[in-house]
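In the two complexes that follow, chain A is the common piece, with chain B as its partner first and chain C second.
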Partner chain A sequence: MPEVLLDVRNLQICYETSRGCVRAVDGVSLEVYRGETFCLVGETGCGKSTLALAIPRLLPPNARLLNGEIIFKGKNLLTASEIELQKIRGREIAMIFQNPMTSLNPVHRVGFQVAEVPATHFRISWREALVTAVKQLGRVGIPDPDLRSRDYPHTFSGGMKQRSMIAMMTICKPSLLIADEPTTALDVTIQAQILKLLHELKIEYGLTLLLITHNFGIVAEVCDRVGVMYAGKIVEVADVREIFESPQHPYTKGLIECVVARRKSKSRLNQIPGAPPSLLSPPSGCRFHPRCTYVTHKCLSEEPRLVGVREGHLVACHNHERVR
Partner chain B sequence: MVTELLIVRDLKKYFEFRKGFFTKTQYVRAVDGVSFSVERGTTLGVVGESGSGKTTLGLTVLRLIEPTSGDIVFNGSNVMHLNRKELKNFRRSTGIVFQDPYSSLNPRMRVKEILERPLKIHTEDDSETRLEKIVKTLEEVGLSSEHLMRYPHELSGGQQQRVAIARAIILRPLLVVLDEPTSSLDVSVQAQILNLLLELQSRHELTYIFITHDLLTAKHVSDFIMVMYLGKVVEYSTTQEVFGNPRHPYTVSLLSSVPMPDPKLRGRKRVEVVGEPPSPLNPPKGCRYHPRCPYATEVCRVKEPELLEFSKKHFVACHRVGELSFDEFLRDVSSFLSE
Partner chain C sequence: MILLIKEKIKSFSSSEGFRLFMRHKRGVAGLILLSFMLFVALTADFIAPKRFDEVDPSSRLLPPSTEHVFGTDQLGRDIFSRIVYGARIALWVGLLVVVIEAGIGVPLGLIAGYYGGSVDKFISAITDMLWAFPPIILALAIVTILGPGLTNVVIAVSIVSWAPYTRIVRAKTQSIMSREFITAARAVGESSFSTMFRYVLPNTLASVIVLATLTIPSAILYTTALSFLGFGAQPPTPDWGAMLNEGKDYIFKAPWCSIFPGLFITLTALSFNLLGDALRDVLDPKLRLG
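Coming up: the complex of A and B.
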């Protein structure tokens, strides 16, 4: 049995807005094993980024943690003090965001920003921290790291900025690296380079990677296990091959069939009708029922629970046996 | 009968760029000598990374920005020499859909007003006929008369894009430029919009120029594919040829880079691209792709390759086109793509 590094239990988070409480994450439980790459897949507004932000406790002020536990290495992060959290962030749990332009500080040199991380977490001099920073920038593929570390972020291209972020976030060799759509803002050739780099670093440092994406191509290329989210809930968890070969939830199946690569040119794609629901007033019962082709009476009133259908394959659907 | 709806010859668009008052004016060669033609009722997919000039090409072809030089022949007449009245007519028979639907719809106008605009400008219809046409078009794009009085912010991203498509087709144009129409949408909604676009095309015999960075989407909708790199066409042929038998190293590396939605293809052989696209302000000499190309030789550094016909209707701009074989990289991918 693999060791559980991160254990999220029945997590509920809502955002307080002028129009009411938006339940962005509504009763999510999941386990991430040490050394694996776990992918969270879902569409805009399904709560995947909120879940990711909640792990290192980086939620915005209007977010409220209603319920649940986030257990990382045996410690509940939701009850940890701010001082404890500061020791964990960047050192144990690191995070990379979608837009590298907004995650780097424009008024500080790149080398300075990277060096801040080891300078904060280890008892080393600033000079030593800078040397490590330059070394790490070189490791992630920044050419002439010594020279470029003295430049400001705006002189870097999108790919270079994302590399710098990766350098910053891996310099302390954290146990868990959370990457929220790390390549969405980048071109395909750069995307391939960044994914390869993340994979190399994962093996070199023994990282556990929690990758958030909406792209099933990326899921297929890099993940070990996949969790599919819909409207604040996890609807399916399985091994990556299982997900592609025999998806059990109608939503997962629909998403995979939407992907154009499997279709003959110009043929009609299988589409999921409608759009994801508003989380202000989610549908009753199963949240996917208004868009589902397998819907029955039970789905309208009763919320399906996440149950195991096979070893390591969990599904939240009343009718999963009928999904082919 | 001419089957080509649009013929573009040696189209160039240079943007002026000046750093300081006394420095020499430089030019960004966004589109640098592009030639192609599009047959009536077909789709040309334009593929490239950011900075390849694909969006500029789309805008220039419609004369929404003025080309620096070149010829655009649309439906038998040269668009470059139109007077005001003729240009208005040309506008009527072309349409465009942009990437971000929200920023391409006026937030102060209701859906009805947005769709009424083109009818008011280009037709003599009275308000009743206009309304009739608007409702009919809305239904065609999968909306209904209940959306007439909505403002764009009251619609979802997919619905906004449907309104933008309705606006582009309401005058029954011949040519529609689609500039990344699905890139900002969710996966499940992308499929809906692609289905809609294909349906409208077959119903109204529309001709599309489909601009995208997503190779798989381009493959799905296009009859012809044009691959662009830094303002130049590097490969241009039918979709089957470009995906089944690509000949330019850049096309192959794009195909290698695209994450394929099948875990079985994970360990496949790839052509890896090194580095990042150079600045279009100062493109490399010789072949513009040579600094990133794993197959570059001496000649690629000095001489710019011409776009030549490699086999029938398959154009490639590469010095080494005859010698290179990419079979080992394509075996797995192409069986997947031709599924």
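Coming up: the complex of A and C.
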């Protein structure tokens, strides 16, 4: 049995808005094992990013943690003090964001920003920090790192900015790297390079990767295990192979069918009918029932729980036996 | 070393900001006027033909002539020399007031914008209250408590006019806080203090610089106004406001006693305003036309 690095238990997060409480994450439990790549998949607005931000406790001020525990290396992060969290962030848990264009500070040189990280976490001189920063920038594939580290972010391309972000976030060799849609804002060839880089660094540093994406192509390529989220809940967790070969939840099945394959004819793309529900007032029972083709009376009234269907394969659906 | 400086000057003079500024005719005029004032203030000891407090009872209230370019005042002091020395006081006071104002206003704005919530409400309430007072009345009240004198005037003017800095920095901070690089800074383990001063503050500096050049003239005007009312620099200090005050009694008999100090107050305020406008145009890309 592999060691559990991150254990999220029954996490509930809501955003306070003028129209009421939006439950972005509603009772999520998941385990991430040391050394694996865990993918969190789901539509826009299903709470993936909220969950990701909650782990290093970086939620915006209008978010409220209602319930749950986030246990990282045996320590509950939800009860940790701000000082303890500052020591963990960047050193133990690092995070890469969706948009590299805005995640670097425009008024500081790139080398400065990367060097800041070891300088805050280790007792080293600024000169040493800069040297490691340049080395790390070279490692992530910035050409001429010595020269380019003295440039400002606006002179970097999108891919190079994301590489710099990765350098910044991996320079302290953290145990857990959370990547929130790291390639969404980049074009396809760069996507592949960035994913390859993340995979290499994962092996080199022994990182555990929590990858958040809505792209099943990426899931198939880099993941070990997959968690599927819908409307603030986890609906299915399984090995990557299992997910593609025998998805048990109608939503997972629908998502996989939506993947654009190369087709000969100009057939219409598959889609899941309807739209994700409003999290202000989610549907009763199973949250997926208004869009589900397998819907029964039970789905309208009773909320399905995550149950194991096979070793390491959990699903939350009343009718999973019928899903083929 | 000299080569390095040359290189820096070269790269600066070919930068886009510099070119934009040079195209701004009024800005260049302001800069020239201000440089002239600075030159006068720095070299006062060489330019002034007389000492500022040199009294000559035999030549009282003389009109401008070749010997006394701007004439003499009621005590026979050379007005030109007094104005030249007065430039030092005016510029120094303007600079000092702005530094103190920014020193109070900028951190408050950063804190209000960074923490939000009740901290923000508290700071904003104080700022709004201050904003609602007529500044010169409040400054008068403070000087009355502290007693007359140039230092006290500087303190009073700074206390009444830091509110714009807080407002602007707070608004800027709020908009920067929603940017991803702030979350990224916190994600690598930066403390709140470090995030505020090393990540947010540099992003607000352009606005602060523009605001500073635009508030120097009002700082100079307020301090000279208080000196004019007799609360500021005490005789024989050659403060322009105090000179206006002394000259007003002879305004029909010897108008030069008040015309020249007034003219220099106007020119100095004008030069900063022109420069400030130009800097705003150059530093804020959103306002750039075409």
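Just so we're on the same page, the second predicted complex is superposed on the first by the 318 of 324 C-alpha atoms of A that agree within 3 Å, B and C clash if a C-alpha of one lies under 4 Å from a C-alpha of the other, contacts with A are read in each partner's own complex, and residues count from 1 in each chain.
We take it that a residue touches a chain if its C-beta (ideal position, glycine included) is under 8 Å from a C-beta of that chain, and two chains touch if they have at least 3 such contacts.
Predicted, not measured: the structure shown is a model, and the values here were computed from it.
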| item | value |
| --- | --- |
| Superposition on chain A - do chain B and chain C clash or fit | fit |
| First (chain B), second (chain C), both or neither touched by A:R89 | second |
| Which superposed partner A:F244 touches (first chain B, second chain C, both, neither) | first |
| Which of chain B and chain C A:N99 touches, first, second, both or neither | second |
| First (chain B), second (chain C), both or neither touched by A:P61 | second |
| Which partner reaches more residues of chain A (counting touched residues only), chain B or chain C | B |
| A:F156 touches, of chain B and chain C: first, second, both or neither? | neither |
| Which superposed partner A:Y294 touches (first chain B, second chain C, both, neither) | neither |
| Minimum C-alpha spacing, chains overlaid - chain B and chain C, in Å | 8 |
| Shared chain A contacts, counted only where both chain B and chain C touch the same residue | none |
| Complex contacts: residues of chain C adjacent to chain A | 116-117, 179-181, 183-192, 194, 198-199, 202-203, 205 |
| Chain A contact footprint on chain B (complex, rising order) | 49-50, 156-159, 186-192, 194-195, 198, 213, 215-217, 219-222, 239, 253-254, 256-263, 265-266, 270, 272-273, 276-277, 336-337, 339 |
| Chain C contact footprint on chain A (complex, rising order) | 53, 56, 58, 61, 82, 86-91, 94-95, 97-99, 102-108, 116-117, 120-121, 165, 168-169 |
| Interfacial residue positions of chain A with respect to chain B in the complex | 43-44, 157, 159-160, 187-193, 195-196, 214-221, 240-241, 244, 254-256, 258-266, 268-273, 275-276 |
